[in-house]
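Please find one structure pasted underneath; my questions will follow.
Chain lettering (A, B, C and D) follows the sequence in which the chains are written, and residue indices restart at 1 in each chain.
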Amino acid sequence: MQQEQNSVKKNLRKELDLIFVKNPVWVTGLALAPAVVGSFTVKNGVGLSLVFGMVTIPVLVVSSFLGMLPKKVPQYARTAICAVVAALMLIPARLLAGGIAPNLFDSLGMYFSVVALNTVWIVRAPLCQEKKPQWALWEGVCQTVGFSICVLVVSALREWLAYGTFGGNSTVLSVKFPAVAYAFAGFITVGVTAAVLRWCVDRSRDVVASVRRQQKKWRTQR
Amino acid sequence: MNNTLIGIFSLLLTALVLQNAVFSRALDITSLLVLPGGRKGLRQFGLILTGITTAAALFAALLNPLISQWENVQYLRPVVYVLILTLLYGIVCFLLNWKKRDWFHDHSMLLTMAFFNCAAYGAMALTVYSGFHWLESTVYGLGIGLSFLLAVFLLEQGRRCMSICNIPKAFRGLPAELVYVGLISLSLYGLVGHQLAA
Amino acid sequence: MLQYEPKAPYVRNRDSAFTVMMDVVIALLPLYFMAFYFYGLRALMLGLASVAAAVVSDFVCILLEGKKPYFRDISSVVTGMMLPLMMSAATPYYVVVSASVFAVVFVKHVFGGVGQSAFNPAAAGFAFAVACWPVQVFSYPAPFSSLEPFGTISAGLSSGPAWNLFQGGVPANDILDLLLGRFLGPMGLTNILVLATCLFYLLFRGAISWQAPAAFFGIMVLAMLLFPRIPESGPMSLVYEATTGMWVFGGIFMLNEPGTLPKRSSSRLAYGALAAVFTILFQRFGRAEQTFAFALLLTNVFSFTLDRYSERLLRRLRRVYLATRTKLSEKKSAQRA
Amino acid sequence: MSGNFTRGIILEQRKEPALRRKLRTFLNANYAGMLFESDLPYDGAALSGKQIIEIARLARIVDERDGLFLHEKLEKARRMNVKVVVGDAIDDEPYVSSQLNPLLFLKKEAGGGLRLAAKAVGNPKIYFAIYKNLSDLDLKTKLPKDIDGVEIRRIHGRYPAEFRTMDDFDSHGPAVLIGVCSLIHLYRAVYEHRIQSTCFVTVAGICVANPTNLEVSIGMTPTQLFERCGLAEEPGYVVIGGSMTGAICEDPDSYLVGTMSRAVLALRDEEKKRRYQCIGCGRCAEVCPENLTPFYINRYIELGKYETLSFYDIHRCIGCGTCSYICPSKIDIAENIKLAKIEMKRRRHEKEGD
């Protein structure tokens, strides 16, 4: 019983790493295309995260169910089923996006649909076949949160610098950098924020390690 | 005849440089940056991708007149495209699994990444947005694939150059490469000007 | 006895990294003098703001990297001095400052600081400024018009002869005015005679090598003479392009930036030629009136590769040379025997 | 003349006061007794080639160019049927004139020694080789056209000239280079049956009051030499060998000057060592006489990527130090390359050992 609880905790914690330490975009470099070009306003960022969640979570869950199929079914057939699911999930995502903001689809253009073919599920779906459905669901949620955080941070930064606004509301910024909304600035912004994240993670690791060392010292002194 | 040739050539150049799939649209940047297998793997991937984008663009152009009469076509178009890709993927995998089992076993992940990919989808979507007929869209699809190969070539130079740079620890690897690609994109900006990525 | 251990050789050249950079700074000073002569105090203030921004951001970056700050390195001063010269004298301060911050932080220090930059910082900074504020960068005040050092500019701004060329027309300026730099243009690089003097100073001092500029200017001049982009004769086109284009300044100062220039002399020739080809292509098909900075950024990508190919060629030649030499000597000894 | 177009650096020679001054002797007490026993006659003309080689062996003469025994060198040259014997007085490094000065002041011994060596090898052509630098306009000593009837060839061009000497004599056929000092010792061995117990050393440097060339007994210490020539000030550091390729002498009181020393320099600890970062100017590649790219070699050494170094042909490096000389950032490129070569050899041995 104790062991089971421990493993549950361990699993929960392991997937939580996806939010910062193993962030799918910043650290692993998956699903970069929408994060780089699509995210130049916060609205776009919200839209992208929404589609990402609506596509990735079901696909990962379905993939874990596909793991229960007999071994005779080849891997490529399973991937194809996942792709079909992803494509079908675009329809409700589109409807939902239209409900939130009518012009969201137009401002995202191609990148709205490109999210359906994001590399996160292409890489993770085969690995999710060995997982139980609830863990696949949890992983999908964590991936979505990680992706959303990245996209929201990048898009907020870019919108603020490019248009001097935040989610459409004007803020205090006397100088605007219109070029930050362009594709090249997207690359640079994602790169620099990734470096900042890595720097923070390294720093926090150092801090945690030093705290642990200190605790050990006290314990041995006692 | 001459005019069509010139038109096709200029279209190819446009797809290669002016609307480079990687530098101005960031399509497929993930496979460019994180695909394992080194230089050789990336080149192989680029070749496979070129074939796929060409075929996908051709199919999209052929299917476009059929589906454009549907109701709510803008809802269904992406779905149809992904389904076409899936179908192509299934057929190719089946054939390869049947005929060249060993090769397929080694390269199945590469193939999956190349099929379910922004570039393949982008080739289909962009040809339809631009209203090309089938020859033009095939050339455009080829151009997208070739532009990925061009990006592979440029990034190879960048990786070599960065291998002797004393890059700060936080930037090493992915972030520095992203900034590098961004600066190449900036240099191409002088050629393109600002065009909204469709 | 010794604080440190000196290593062989014990006699060293007097030039140091400081003096090499200082030569470039000295070569840039006459351009600032010209800018001051044409546009008054504002030109100098722009330069000062840019240099200050570059130095401060350089300092901050070095501290962030956890290195020791190091005041003998003045490469950021050079970057900061180059940037405003390429822009209009009426450019707002924030344009200049953000361009130099971009150049130092996102181009120089991301790739490891001085001497290791994969891209030319000044070119990237200028490209960023053009991408963000093309209007501010490319609308020029008339020379000798009084500009307020601070605050908004009251003098009228308009586009210069470079814009005419970009549009495919012939500028209406007097040739003498063009040669003396009295036309609407970037604040520091209109006078081609001063630029030529700077080139000769740098070459004479050994601060730059002759290969890259020779190949670059050779091809550029040939292209301008043979394939003019405006309906004019070759020599006239050359005069128009050389006086109004940024490529003359760029070929002297930015192309020869030591960090991005290839190291072998043969690859320097190829690099200059490649830069010229890209410059011409960007000029013809580009979407801005000054595209040299963009072309140079693309050329920088190939710097390391050119060196590598040059090295590979040299290796091959060396092997062939050694093989033939041993063969010859064997033949000789066989004859003697 | 072809040397004028080679790569390299133009160096200030700084030979002058030492080169102009007379060669002085500074010997210890037992110099007079250093003779070997032999029945051979004290006459060069009466000796056969083999006998001369035997005398060189008995006198234990060491060539100061490369540290080989003279008799071994001569024997090898005899076997190879050498066409040219060159008396080497190429002091291409600044301050050093310990071959040139004896050549000018001991003309008879040098010329005679070269003739003897030529006889030992089998009567080929003979020349002396002197370095003619592009910048030695300040040289007050007139260099003669011939020494004791032997023609002087001048090696032209920029600093690393010694490794180029062979190319100048290549047209004649195989050549052998012998240092002038060992030729003088050969002459003495033949005519006086004297064992080599002395060597020629330049004592110079900014801190030396009277820079001079000395003939000293082997086994003196640098401190003694400085006492002989006088120190203008306390030296910052002492260098044994040339100013370009020599080594630091850690302890001038106990180091023993030998045949290969060539020069003892007392240099001022002038400027504080300023360390700059590499600015990537590529001057090292411009001056490298072997046409290597020291910039990349140094960068890869710093990164520890030793496997790439063979691509840049690091084994062709002759260690002349031009790259370190020219470097505006004062990086010790030549030293780094030297250490890297040792490290690469060690790794190769380790690999073979496994």
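To be clear about the criterion, contacts are C-beta pairs under 8 Å (C-beta built on N, C-alpha and C of every residue); 3 or more make two chains touch, one makes a residue touch a chain.
The structure displayed is predicted, hence computed values, not measured ones.
*Asks:* Measuring from the mean of all protein Cα atoms shown, which chain centre lies nearest?
*Replies:* Chain nearest the overall C-alpha centroid, as shown: C.
*Asks:* If I count C-beta pairs in contact for every pair of chains, which pair wins?
*Replies:* If you count contacting C-beta pairs, the leading pair is A-B.
*Asks:* Would you kindly tell me how far, in whole Å, the mean C-alpha position of subunit D lies from that of subunit C?
*Replies:* 44
*Asks:* Which integer distance in Å separates the CA centroid of subunit A from that of subunit B?
*Replies:* Centre separation, subunit A to subunit B: 22 Å.
*Asks:* Please tell me the distance, in whole Å, between the geometric centres of subunit B and subunit C computed from their C-alpha atoms.
*Replies:* Centre-to-centre distance between subunit B and subunit C: 34 Å.
*Asks:* If you average the Cα atoms of subunit A and of subunit D to get two centres, how far apart are those centres in Å?
*Replies:* Chain centroid spacing, subunit A to subunit D, equals 68 Å.
*Asks:* What are the residue numbers in subunit A that touch two or more other chains?
*Replies:* 182, 184, 188, 191-192, 195
*Asks:* Spell out, as numbers or ranges, the residues of subunit B touching 2 or more other chains.
*Replies:* Expected reply: 164, 168, 171, 175-176, 179, 183, 186, 189, 194.
*Asks:* Could you list which residues of subunit C touch at least two other chains?
*Replies:* 106, 110, 113, 116, 128, 131
*Asks:* Examine which chains touch each other and state the graph shape they make (line, ring, star, complete, other).
*Replies:* The chain contacts form none of line, ring, star or complete graph.
*Asks:* Throw together a list of every chain pair that touches.
*Replies:* Taking the chains two at a time, the touching pairs are A-B, A-C, B-C, B-D, C-D.
*Asks:* Show which residues of subunit D lie in contact with subunit C when the two form their complex.
*Replies:* 9, 11-12, 14, 81, 94, 173, 236-237, 239, 243-248, 265, 267, 269, 273-274, 276-282, 284-286, 291, 293, 295-296, 311-313, 316, 321, 324-330, 332, 334-335
*Asks:* Quick check: in the complex, which residue numbers of subunit C touch subunit A?
*Replies:* 94, 98, 106, 110, 128, 131-133
*Asks:* Which positions of subunit C touch subunit B when the two form their complex?
*Replies:* Against subunit B, subunit C makes touches at 65, 106-107, 109-113, 116-119, 124, 127-128, 130-131, 281-282, 285-288, 291, 293-295, 297-298, 301-305, 308.
*Asks:* Which stretch or stretches of subunit D touch subunit B in the complex?
*Replies:* So the residues of subunit D in touch with subunit B come to 296, 299-300, 303.
*Asks:* Tell me, which parts of subunit C touch subunit D in their complex?
*Replies:* For subunit C paired with subunit D, touching residues are 1-13, 15-21, 70, 72-73, 75, 113-116, 209, 258-265, 268, 307, 311, 314-315, 318, 332, 336.
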